[in-house]
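Quick one: the structure is below, and I'll ask about it shortly.
Order as written gives the chain letters A, B, C and D; numbering starts at 1 within each chain.
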């Protein structure tokens, strides 16, 4: 497993009440220094325009290479200012739609320059807030059209759709694994796939393992992973494994089972926690649970799943975790 | 609008605590008499084996014709006994899978004999209850295979997938509108489409109007409608319009907008209410809200949606509903 | 009914993604001008330190009086900066606890100077984020102690507890109507009561009408009301009546029934909407639904509730709203 | 820890679709034999009238004593037939209210005869289904009055209120820990306390540990425990520890911390699982996690909680569970 983290993990996290953030705001140098202090972290995610731009891309590339941090994903910023508030790819304003596509393409270019082959397409502002507000079919036309325009721009950079049921809109158009696969199918480009953000699956009442299995089933479309946890009703962006232990174990089993070989990236918001400790704990939970798969024996799990025998799984996991047989 | 109701609407509804039901158990004759007492109800849904079988199909057809009730949908029973508890189309036991397919095919035959062109495919028992229990990819293989076998059996009978996130399993495989469209696409038969059960969309944090628009968008796949309401977290099967007034209005607007011309069927469980009153109220709410669309003016709604102007929609609906401008 | 609104209704609303807000940031003068443009709005809420402080309290009082706006509630800021991130009244740091109490007391003083008798106690930061993090019993000791200290400071100013299940913490200690009444009982001061924020009740799977009835039942403790709406799972702070029409109608019936004579205040976050329109729509929905109570006849509602006859209620409301009998 | 289980654990569980149950229906003798096969199970719960009545109480007492099974709790049946559908203690019909009280009193008598000091008061049918249906204040009058009548009937038998947010009603009146404590306070009898059903707390977005701490805080009112698990949105009644591992660990820590010395009872519905295996797994998870508290060191947990240091807790738990430091 190769571990990455959004570089913002180490910065002050803000919410709608504490807009200035709960901790100290750091510059990029300090964020990178923080990243190097997390054991086994060998990659970082960047946000386009926030961390990387035309002027600093080469310098940043060297700076990260010097500390042996790969860039694993770049996320274009098409959601973090008022401009995008009424949509990016689905904005009613054609000029904003064009700008959104351009932002994605710029991030694709920076990704290429930094030897990163993943760009995250998160349509956070593309949705609706009220009943009778969404123009549902037009929205899909525009998302499909925009995604094709991006995919064709640079075929060797992979676009990974990051679905999410809600927030910042009360309803996002690309909200579930099913809709994500429909979009991928319509776009029909080899460089368009999906990522799973574990917290988003919980919010959607999906089981992340099932969603990974489905993305694999429909043409090996799982290209990236975001780990975090929450209390199932909101994207709390807590440390990985902090609430849903068994489901995380199941996810790790299935990622192995389908031959996922991408990054294990963290997307957490440690509002009140130290970012370095939060990232470290997240990685250690993932590593520890991954190790548990060996202890249990993958074949034993496979066999119990084939029989759908929940009590056998319970016994296997419990014995390995707690030692009481 | 043509209204139908599941004939069980008029029977005693049971839950896991009151297994004998909250009201009086009626025979089919009494259920049909009850249905005739609901104004504007011109169709009924039947459950295969419960109400219709090889012996009574012709008699029942005549009996319903005599009171001018059409059969609008037959639902095969592949979920209501212990036999199906570990799955119907996805059962680990090939004999049970074959039986499930046969049950669907029998219902297709009865539908044909009764001039009904809709058979409901509800995979209630096909899912999982515990983490690490589901055999996700195998399940999809089996659902696809079984659905094809049914579709090919009688091409002039439409199979409508009724998706639902959970219950009776804690997780059903065919849980969302997105997964339903993926299944329809894989099966790829003209006589396989979808129904929307409003309560299931609420439970899935879908907006029923959006789901209808999507089923239309991906090839005109909306073939049937189940109306009911709930408190958004569980399939409470309450009367239509009792909780989510505005969302029901939006749904009616979109059904019109996409040219839906199928049945407006009720799927309610009036546990403690009189079934005739519950069905009557449900129909009257739908009719009343449908009438409101005229009062508002569909073009006014269309225009507000194109602009995504939620406050304009609010003003239009409020003025029409409450009269204060 | 007397209507008020948080003065921030008219300012740019921010979320954790768009920290600079979706609209234009306005100064207090502009916010007040905006408030005067909302029909039937005769009061405003202020946040301590944000809008009112020792230096401007007298000037602000005159400024609002000049435009006939009453101050209906002051909310001390004990949640909007990093300082309060680990709790206000429950902070592990006694100095921060003392500061929090002082902030509340300052707001009580300003309220008095502005002829306002309501100060809002919202313990947004007093809770926990992770399992095994909360020090539950100590937290209650501190909340009780702090509330008593505030209540005794100025007995003619009412403190209204604003409960909320979560956000910004994943779990807030004072989360439900039940816990609020327990706190009020322990504190046992005549000037400590509760407010209901409609959105918070939805988030708690409470029915706001039931919560109002309970606050009345346990000693007439309902002193203030916040109106807004959401999709039941998160505090979306949408305009009043936009989603839960019937439940709002029920709430208005019960407020009348228990003789509530306080303010009908708006607490909405119109992120992407114009604040003046959003406030106007909210008030008009409340007024329109209130008017509907006359049309239905309060006695008819009372009688249907006494019989628990949901279908009778359905018929009454539908006929009044939609005209089809 | 002393373990008990509802004797129905071993019987066929039914839901609203499979009314005849998923397994084999057993008589009482067979249920008792099954109970004896669960390691470390030394008690059982009975339902009044289902398992125990005036005619068999003495025989059943001897039968259980012979196999060393204590009766730990009797639950009066005031919810499992149509008669109670519109409420038990809150029924609009005074005759039904009187009957409900009588049923509870009968169960208290049987409990006494069987050396059991706990009777479960679960008001499952006392609530409402629709908006504008509940007669909220009258309901509380009746619940208080009825509970007092029961408490006074036999002061040496403890009545434990089992709160639950919903099901079978969409809203139950006694829904949260806060309302439960309000009821206990109003009733004000030493033999009226509460039980926590873990699944009900999850459904209420409570943390069971916090609810236990509160019941202790407000006068040592926690008298009984029901263990099970679910997916947080519905009372799925799964085996203990199957989903929420860390939260169960926290609960066990707090039960110890507050000196809980009652039964650790299972209330699970193993619809498709073998009851003996399901009970065995549940007990072993509780035992294993309880053992983990020793491994971690209770003082270490106490200290981390006092500091609210979630990352320290994460590290302690992870190291003990997974061994990677």
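Simple rule for what comes next: a residue touches a chain if its C-beta (ideal position, glycine included) is under 8 Å from a C-beta of that chain, and two chains touch if they have at least 3 such contacts.
Note that this is a predicted model, so its numbers are computed, not measured.
Chains that count as touching both chain A and chain B, per the definition above, are C, D. Of all chains, A has its CA centroid at the greatest distance from the CA centroid of chain D. Note on chain placement: the centre of chain B and the centre of chain C lie 39 Å apart, centres being C-alpha means. The geometric centre of chain B is 35 Å away from that of chain D, both derived from CA atoms. For chain A, residues touching at least two other chains, in rising order: 86, 129-131, 166, 171, 205, 231, 233, 239, 242-243, 246-247, 310, 314. Only residues 86-87, 92, 128-138, 140, 165-166, 171, 175-182, 185, 204-205, 207, 209-210, 213-214, 216-218, 246-247, 249-250, 253-254, 301, 304-310, 313-314, 317 of chain C touch chain D when the two sit together in their complex. Of all residues in chain C, only 205, 231-233, 239, 241-247, 273-274, 277-278, 281, 284-285, 287-289, 291-292, 310-311, 314-315, 318, 321-324 touch chain B in the complex they form.
Contacts from chain A toward chain C in the complex involve residues 12-23, 79-82, 84-86, 124, 129-131, 166-168, 170-171, 230-231, 233-234, 236, 238-239, 242-243, 269, 271-272.
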